[in-house]
């Protein structure tokens, strides 16, 4: 199950410290222009090593297109993308090969397979998400060209800090994807103190997809929100997913939650753009909770491979808050769900034209 | 996409006011004893019409086994289950056939298919979940017999009321699945007032699966938590899913969140029994947010099929809080995910024996 | 794996002597008119009990539509079809419950599941194919309405008898689907003698799909011919599948086999309308070999459930040549493959318009 | 649909003249020893350029393992294999970029995608089958280690030449995989004359899998024979597939065809080791028809991209009989089907032990 999607299918492979990581995109519509350079922007947004607030590992993340593109356009055959790993330091992990780090996938992989690649977390490393971001570059481009869809996200909470204001223009101007520029120094101090302490912290990331047409999503088990949930939950460290108002809905009344309708637009967007598993034409909104990183310099009680009680101290290079770099990954998963549902929708409902009455996707402050 | 699961596959069919609802369970292990009577218990837990706090619709929910069982045991061929609908009142819905109810799937189905069955919500009705519960009776039985797994849930929040105490024994003793018996009168008064007001309210349901062995779940895209997320999000009205500490993880430090390990057991269960998408051997815990029902007697602004502005008032028979009956449905979805992952795990890793060191699944207060 | 197809998915259930057989069609395009009466024609073509040349079992094969159709049109939700079994004679099978019939699936089912339903062959009975034919009624109608596609077949060999002439108009005028009317008395005498002898015989059925547009089929593993092969091989008793010239290609030269091209049409159709797994716009042609029925009155050496050597004599009601009724089943499987590929094609390639130059699908004598 | 299999999933990518070809094997059982050197043997059996009877293209076919193997053993995570293309001569194809070769996939790809990579046939080239053979090296090894299964094939017909005798030991001793050593000079002369003539010829390849346990295969749509049919039909140039007696069954009587049973073994193997879609424990036998290559030096009538009538002459490097190299490819597809069914069988039926009575898989002359 290293394949994601039903019609636009992405299969990723590779370990953190193996020779390479890569993916195969199968089912991409033909005729889309794509060049190796186009992957750089989102890969850089996800990359470590750019500021002191993330892991010091520095990878070039240079994408080689191995197949599926001819004279600059997709041919409809599988697009294989390859990135060589260049900055492994496997010796950092020699001592943890026989230890289980609390809160990490070491123990569960070991119990499942009876073997694991301990170097840099092997397959369970966030390094794998590089290829999700790469694959989503193709998805985002098609969604934008065909439907004008824009998928973008931001950091909505860091530990207990929340934004004081919201401005999309601020988001890309700081290494945290934070929507309030004046708070950035506060975040930097917070992260500096955290890093010094040896501890880590959780985060929340929000994603908004604008211009999603109504009608996408397969009701019952292939619901748009159901697939967003698994897609987002599949990101390393994610422990919760919300659509629209999410858990706030628990304490709401029906009169508060239901989005009233007019021919000028919906009057609110508590639903997050999805009703009955199908998009409504409003912005699709999702929010995720990321747990604090488990790889800490602070010692923790654990066991080793022989069943001995031990104290684990993780040295290697790690992010004190994985949420900081999670924004492009969350966007990627949303984009991959959307393109897959778009193709599935036109497969089944390609005979249905534009249905009236259609409510415009008026922006009601999705954030 | 009315099929759920990869190896233990459940396909449901049927509309709220059609002649029947049913499901086909494909891939069930052979040799399991199952009788038509065994479905009654969980179906009654899910049924409406038992107390004044849920919809007044009264269905017998009598299950006919059409195939796949021979002399009381599953044969490995598809098990078809059929329930005839007996208490439809489609005339209640005559006026809403041309209206779109705010917060309901009317509009999104219409936009997707260009046609919809308006009687009782058609396919988008919670009536469909009856068959999920029925299918999960088979799953729960196999999981219990093979692994001693117990999947059970409870109502963890109703509007802004939360339990004052927790006792599994209380849960099945009241119509709300509430874990604190002394609060039941309070809940009844709350629901009476709510019903009288014509409004509805949201709820939170928690599910716990005990005795899940370590090693279940397919890392990356078929993660155990990822599949729980989509399974639970696919339940009508669900807007959020958490695994373990869920959104509380956002404000936690790594030293708080990581579950320390000893050969006597994990020392906590913030992870909800899943690390890297694979079960750890601890209790698997999940929590869901259910939005308040959208079908209200209180008028709401909307449009009709001709694009006219209207006020919608929903009369029919509806639940003022769908969360009340959601506990068996949530349990069902968790059980269906678990049996599917169990089969997938032994497919790939059937050659791997019990791996040492193995930590016992000590109970650390999963609730 | 009782589900067929990727987007137009048909799941069948039921045993030969169970209470009912049925299917669920998921992914059907919405808006297609369909009524219960429309299933009768093809089901009657497939039915036993109409002439002395097939099994004497007489089933009404009355279809009940349980879901997915509203006011006579498909809604896009799953269409469940149900047929009650009415003419079981399970007592006929009492003695074979503990015996393995040579050439039958008794032994292989027993080895797989450790349990089997012996009544009438249980799930392995050709009774199951009833629901394939029913599901294909929907597929054929959509293919005809959208593309003018006609899928039709005929008996191309019975034992060692082959047609002396070919006329589509003859095919539906005799119980054998034989394309040469003057040979029908010869076939009848042949079958009478065969039945009297207690033996059975094999057959060949050809299927032709006219008006399939170019471009359908997914190259490599989801090839149109590959999927036709598995679809046709999945029919009971089929031992071989050919596309176009099939095994005759072995002794051909390239200059003989390749279909020369002109803007007026292809000059021949050795390829059977498929190149590289993708339709060319010519008629799609396939041929299948059906083995002789294994259930014979003539005794055969075998074993029983206790490992004793026995002589098996099958009494029950059986077809001396299953190939006689196989024509509508083969058509059904071809139609199900085509609609699924049609939906998959427009999912991926919906942006590609009609591509020039396009060669007309000139008829070159597909038979 | 460039992925093959349900649980042991192989995704291939790459074009004939692209930078590389590769595959990702997902779902492989963990703990299997595998080294890059082990791929060489079967890849060399499939390779061109070794004798004058196949295409002159010479590829090193050096496999790089990019992931999924740690310290020489599979880890259960995806195994990515990469082979760089080293002997492309794309300029050979400059003139056919605007022409459609009769009998080739040029026209059908163009109609499907509106774009195609003409260099060496692009994705439709037999070069893609290299990765099938590579993936099957892993499958064959697991099948051999776990069950003693041996999958092997041979050329059973070349044009109208058939073997005069059968000896497995002869098969690997000549470049044709011919089972009768004394005929090899005859085949060489035949091929020399054919090559000189500029024409091509068809072939038949047989595959036998010994030691397949009873019980593998999913009845109805996931039948073992059904999946073999699509797997084998998916090989380039295949136009027909037979299981067991195949098309010979058409003229057989039931008393001839049915395989009588004894506790010492089946008395014959007309069924090809499969009944009701499930293996019986006998050798699984399949046979395929390969059409003559379409790329000929002899001119053929066709059209170009502008719709002009043209004469096509193919120069490039081509096989005059693709069947010669097809044996390892056919073996590969059979092995991939078997491992997938093996995993699926233990998923569903892992609780069923060895079922008695079990007939030994006595060899009855499968060839």
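Each chain gets a letter, A, B, C and D, in the order it is written, and its residues are counted from 1.
The rule is short, and it goes like this: a contact is a pair of C-beta atoms (placed from the backbone, for glycine too) under 8 Å apart; a residue touches a chain by one contact, two chains touch by 3 or more.
Just so it is clear, the model here is predicted, and its values are computed rather than measured.
When the interfaces B-C and C-D are ranked by C-beta pairs in contact, the top one is C-D. Of all chains, the one whose Cα centroid sits at the greatest distance from that of chain A is C.
Centroid to centroid, with C-alpha atoms defining each point, chain A and chain C lie 45 Å apart.
Centres computed as Cα averages put chain C at a distance of 26 Å from chain D. Separating the CA-averaged centres of chain B and chain C is a span of 39 Å. For chain D, residues that reach two or more other chains under the stated contact definition are 1-3, 12, 27, 30-31, 76-77, 112-114, 123, 219, 344, 349, 352. Chain C contributes residues 1-3, 9, 11-15, 18-22, 24, 26-27, 30-31, 64, 66-68, 70, 73-80, 82, 112-117, 122-123 to its touches with chain B in the complex. Across the complex, chain D is touched by residues 6-7, 27-31, 76-77, 146, 219, 343-344, 346-352 of chain B. Put simply, chain C touches chain D in their complex at residues 1-4, 12, 100, 102-105, 107-114, 123-124, 128, 157, 159-160, 199-204, 214-223, 225-234, 236, 238-263, 267, 270-272, 274-281, 289-294, 296, 298, 300-303, 305-307, 309, 344-345, 349, 352-353, 355-359.
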